[in-house]
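There are structures below to look over.
Same chain, two partners: subunit A is paired with subunit B first, then with subunit C.
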Partner chain A sequence: MPEIFIDGQRYEFEGEHRVLQFIQDLGKEVPFFCYHPAMSAPANCRQCFVKAGQYVKDRETGEYELDEEGNRTIRWFPKLQTSCNLQMVDGMVIHTQETDEQVARAQKDTLEFLLINHPLDCPICDQAGECPLQIQTYKYGPEGSRFEVKKVHRPKRVRLGPRVILDAERCINCTRCVRFTDEISKSHQLTIVQRGDNNFPITAPGREFDDPYSLNTVDICPVGALTAADFRFKARVWEMNQTPSIDMTNGKGTNIDLWTRDNIVLRITPRYNKEVNDHWMPDEARTAYTLFNENRISRPLQKLDGEQVLSSWNNAYATLMEQLEEVKPAEVLLVGSPHASVEENYALAKFANLNGYRKPVFLRNEEKGKADGFLLTDDLAPNTNGCILLGFDELTPAEFSAEAEKAGLIILVHDDFISREVLTAGQLDGKYTVIFASNHTKTTKAADLVIPVTTAAEHAASYVNVEGRIQRTFRAKETKYNKRRLDMEMSEGRLDRYGTNFDNWVNEDNKIDCLPLWTFISNLTGYMGTEITLEDGRLIMSEIASTIDAFNGVSYAKMDENSGIQLDTEKVSKKVES
Partner chain B sequence: MSTVDWKNYTPVLIPDIKNLDQIDVYRDNGGYQALKTVLTDSEKWPDRKSVIEEVKAANIRGRGGAGFNAGLKWSFMPPSDGGPRYLACNGDESEPGTFKDRALFEYNPHLFVEGALIGAYAIEATAIYVYIRGEYKYFIDKVQKAIDDAYANGLIGKNILGTDFSCDFYVVAGAGAYICGEETSMLESIEGKRGYPRVKPPFPAQKGLWGRPTTINNVETLAHVPAVINKGADWFTSIGAKNHPGPILYGISGHVNNPGVYELPTGVPVLDLIHEVAGGMRNGKKLKALIPGGSSTPVVRADQLEGITMDSESLRSVGTMLGTAGMVVMDEDTDMVEMLWRISKFYHHESCGQCTPCRDGTGWLQKILKKIKDGEGEIKDLDLLLDITTQMEGRTICALADAAAWPVRHTITRFRDEFEARCKKSVFAVA
Partner chain C sequence: MKYEFSEEDLKEIDAIKAKYPEVMPATLPVLWLAQNKFGHVNPEVQRLVASTLGLPEAHVHGVVTFYTQYYEEEKGTYVLDVCTCLTCQLCGGYEMLEYFEEKLGIKQGETTPDGRFTLKEVECLGACGYAPMMQVSNETYVNNLTKEKVDKLLDDLRQDKKPEHEKVGMPQRKNI
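So, the complex of A and B:
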């Protein structure tokens, strides 16, 4: 097998490899800026220098040549090589900054050059704290500066497009953003203009950077040159908690991270998953962070004399029990939702089963022509396949409208049927309508009883994407009823760890008074005297896995280990088109 | 020491013939004969390989500055797979002090066109591109006229001279970027992209223009080819310096009485070129320094020049290079600090900005030199300059960083006293 020697250590390899990626995969480090594993390597930042050579082999015998002291002779490349585009060959010898003074010196020199025209405004820069330039300067850079002349001035606060702002002075010309639009999103909207140290990336004159994936350039920018118009100056990264989650805006199931501070979700960034979204996510999924914060329903709402008023949980349980007793079981219409998780829909189904109601039905939420073959799908809901796998009947809007006419009591989850023009407010008149929802919508306004439930940011639950991959969320923000410090699964940020209730950044106002749907259902059944226990997502999923074939072998532990599990989509009766 | 007999040399690139830029005059003087024999005389030139071998034997070392054997370069082209292949001719000459190709464009464009066609035939190219700097608008038109006339005479296009060799010829104008004279950057520019040098490998012979095999030659290099075909490799190697043979165009500028382009053999003594060919120093001043081959080649002090000839070996002995043979002659009144600052300003302005050391290094060099020029510099700045050049050399994709660093390094080391005199006095007493 071919072999390579990195810092005196021997490694075997197969196939084609580039030195930088290989070293990274070993868990070792060579600093770099312009390289990105998903894009071409232009080798322009000149940061990933290594000393490369080759053990000399005798052509005839194939044996390594030895010098007088019995060591293998090495033929070094005349210059230092950039490891990002250096192809590995058998018998190659690599010295990194760890073992070679010359390499360490060259990397330090490059950093010195990068910093001379960089504004060094880290204290007011959004990138500070997650900035490769900052980190690598600390690790490999020079101490102090020998630059005593004027820095170059370039345009600042340039609005490249509706979502991205450029500070050209911070730019180190790695061209990652340009390559992203050329190679990944293929919109070709950005290019580098000017020459030499006046270089910076920008759109063609009169054009906007409105690429539907434009915010990915902010993520991959190794400095604070590109910032999100929306997130600028909102928070320092070290004050936020980073929690893995799943995108709720479409059926792709893009893996994301929720960034929260003080129980407010401040931004969403993509999380690498080779099977789903690679390193990327669409812009519209990022702007969805407001759904977790704004327009939230807190405490149950109840209609009294045609007017919705704030109620209490006890009142909500009592009213719902009363209303259920007033109608025949056959008249209860439960509507599951592709916008709710597998666990929530399962809780609904179990509740129906227990009381002899009809199995929940559901409607898919699609917008034809939305799919772009990349990360956007026609499906606007994260869990359509989950409903199908649970065996829910899928109804067309017309079928559903007819069913609703016949029903005496309707229980909805999340779906805003009135805005989607599936139902009219008039159709709900005279029927008792209950909705489990997290945000105020036209439909919640028309409902008789509104039960506030948790969002994906507040519960751990799983969702099945268009390809039949089941993935789960984690609790990212607290509700009135859970505490970060008691919940071992919730990530703790600096403020959570060191702040007390008396520190002014801990704000009770940002905690929503809501419950997971399954908790409400199990409490309700408790009051009804037919108790079922649905404690949390993890346990519900193990129950589902043991009772429903399609979910055989699924568990949170396994999902966490493999970043999601591909389900057997053969079992999906009507496959959802991506 | 054998001196080259340059006094009895008869020019072949830019001979003294009136209206040679017109195709009829050119043909009357034996023009396009070389192309014709190569294409039709199957006894003398049985195949393409024989042409490459002859040019290889002539050892035409690339006249663009790197000095690589042109025939050897041609032989690197992979065997044809039937797809397009290109010959790209570099006429971007943008280096300060270099202006030899314009003499060809102006006085003998057909010679270059003929040489390029022979080259295209040898490497089985399907099209030729000549990239000429945008500032040469007048010469671009001239070359275009020459190409149009050659098309009209059946010398370019489909089935040239009735043979099955077909080749197109395009002129591409640059837009004022020095970096586009770097060969891979020129390819990007021809493709209509931003002129960023490419990472090698892959080399142009594998993946050049539009990803197809491409050979890149300097305009002057190709202009030598017809004579090699007509008179043979032996004739070519018998001229000038042994290891760097043939005629060469010297572009002599600066403080001499008769600056201009002179066609002479390689290996002419430097002092002969200055004092005899170019008519001696202007106003009878003393020679102070010489840049032998364009601004990126290290400057040489006058006292080092005795006995030095214009070929790579002799020039290497005084720590410089032949480059493009664009000689810049400086007299005793020249301010070396000012001169170096101006050169640095040029490289700062022309760095494409792709690689960090060059992008930021060139600017830093210029700014420090400005400080020294203005009398604000300190002695430590000179050492900083040398440090920066070390940090730039050999660390970038193309050689522009080297070209920017060498003049700084060598001017400071060779004229350090002048630089120190311009710096502020040190506040520390010297023991």
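So, the complex of A and C:
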């Protein structure tokens, strides 16, 4: 097997590899800025220098040539090589900055050059704290600069497009953003203009950087040159805490991270998953952070004399029980939702089963022509396949409208049928309408009883994407009823750990008064005298896995280990077609 | 003004494209063609070039801004590039530039009101042996500038008489 010697260690490899990626895969480090594993490697930052060579072999005998001390002699390549685009070959010898003084010196000097025109504004720069340039300057950079002349000034606060702002002075011209628009999103909207120390990336004159994936350039920018218009100056990165989650805005199931501070989601960034979204996510999914913070329903709402008023949980349980007793079981219409998780839908189905109601039905939420073959899908809901696999009947809007007319009591989850023009507010008159929802919508306004439920940011639950991959979320925000410090699964930021209710940066109002749907159902059944226990997502999922074929073998542990599990696609696609 | 390529231009562009295995390398010659035709390659012309070649507008814009010889905005009929890089600077480049400014009544980077001349201060044009020197409209060099030469040049150009290529011999060693 081909072998390579890195810092005196022998490694075997198969197939084609680039030195930098190989070193990273080993868990070791070589500093770099312009390289990105998903894009071409133009080697223009010159930061990933290593010393490369080959052991000298005697051609006739095939023996390695030895020096006086008995070590194999190395024939070095004439100059230092950029490891990002250096193809590995059998018998290659690599010295990184860890073992070679010359490499360390070269990297330090490259950094000194990169920093010549870079402003020293880390204290007010959004990138500080997650900035490769800052981190690597601390690790590998020079102690100071020998450059004492005025720095070159370039445009600042340039609005590249509706979502991205450029500070050209901070740019080190790694061209990652340009390559992103050329190679990944293929919109070709950015280019590097001018030359020499005036270089910076920008769009063609009069054109906007309105690429639907434009904010990915902000993620991959190794400095603070590109910042997101709606996140800049909002928070220092070390004050936030980062929780893995799944995108809720479409059916792709893009893996994301929710960044929270004091229980407010401030931004959403993509999380690498080779099987789903690679390193990327659409801009649309990022702006969805407001759904977790704004317009939330906190405390149950109840209609009294035609007007919705805040109620209490006890009142909500009692009222719902009363109303359920007033109608025949056959008149109860439960509507599951592709916007709710598998666990929530399952809780609904179990509730229906227990009381002899009809199995929940559901409607898909689609916008034809939205799909772009990349990360946007026609499906606007994260869990359509989950509903299908749970065996829910899929209704067309017309069928559903007819069913709703017949029903005496309707229980909805999330879906805003009135805005989607599936139902009219008039159709709900005269029947008792209950909705489990997280945000105020036209439909919640029309409902008789509104039960506030947790969003994906507040519960751990799983969603099945359009390809039949089941993935799960983690709790990122506290509600009134859980505590970050007691919940061992919640991550804790610096402010979360040290903030108390008496600090002015902690706001109790950011915690929403809501419950997971399954907790409400399980409490309700308790009051009704037919108690079912649905404690938390993890346990519900193991129950689902043992009772429903399609979810056989699924567990949170397994999902976490493999970043999601591909369910039987045969079953999924067949059902989607029918 | 609407910028368009004529049938002949398009034929020429096809001929240029045929020289290269891909379209991208044709960017430079087609930009030249456009600049020669329109006198400049402003954003609208850049768009025309991009759409004619089927290349991203951003790419064409990047190329234009990289080379100072492409004019990103409308210029005078004659563009006077006066070198003030080190050698010319030492031999009186700034004096020549200031003389131009005085004679034309404009500052470097500006165009005369009649639209005939644009004056530019440029970096080294690679003719240090004949300093101070200048270039007229990306073409002919005028070497060893003196005030008299400048006067003559401006008079000639006013009558659309372009300077001729000037052969300047280097001093050679006599007895080898």
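Rule of thumb we're sticking to: the second predicted complex is superposed on the first by the 572 of 578 C-alpha atoms of A that agree within 3 Å, B and C clash if a C-alpha of one lies under 4 Å from a C-alpha of the other, contacts with A are read in each partner's own complex, and residues count from 1 in each chain.
By our rule, a residue touches a chain if its C-beta (ideal position, glycine included) is under 8 Å from a C-beta of that chain, and two chains touch if they have at least 3 such contacts.
Quantities reported herein were computed from a predicted structural model and do not represent experimental measurements.
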* To do: Please tell me, clash or fit, for subunit B and subunit C sharing subunit A in the overlay.
  => clash
* Asked: Hey, is it subunit B or subunit C that touches more of subunit A?
  -> B
* Asked: Touch check for A:Arg46: first (subunit B), second (subunit C), both, or neither?
  -> first
* For A:His188, is the partner it touches subunit B (first), subunit C (second), both, or none of the two (neither)? -> second
* To do: In the overlay, answer first, second, both or neither for which of subunit B and subunit C A:Met1 touches.
  => neither
* Now for A:Ile124: first (subunit B), second (subunit C), both, or neither, which partner does it touch? -> neither
* To do: For A:Ala398, decide between first (touching subunit B), second (touching subunit C), both and neither.
  => neither
* Thinking of the overlay built on chain A, is A:Met488 touched by subunit B (first), by subunit C (second), by both, or by neither? -> neither
* In the superposed arrangement, does A:Ala204 touch subunit B (first), subunit C (second), both or neither? -> second
* Structure fact -> Of the listed subunit B stretches (151-159, 187-195, 349-357 or 367-375), the one clashing with subunit C is 187-195
* Structure fact -> Intersected contact list for subunit A, partners subunit B and subunit C 191-192, 194-195
* **Contacting residues of subunit C [partner subunit A, same complex]** => 43, 46-47, 50, 56-62, 65-66
* Quick one: which bits of subunit B touch subunit A in the complex? Just the residue numbers, please. => 177, 179, 194, 196, 199, 348-364, 367-368, 370-371, 384, 391, 394-397
* To do: Give every residue of subunit A touching subunit C within the complex, in rising order.
  => 181-182, 188-195, 203-207
* Structure fact -> Listed in rising order, subunit A residues that touch subunit B in their complex are 41-47, 49, 78-80, 85, 106, 109-110, 112-114, 116-117, 146-147, 149-150, 152, 172-173, 191-192, 194-199
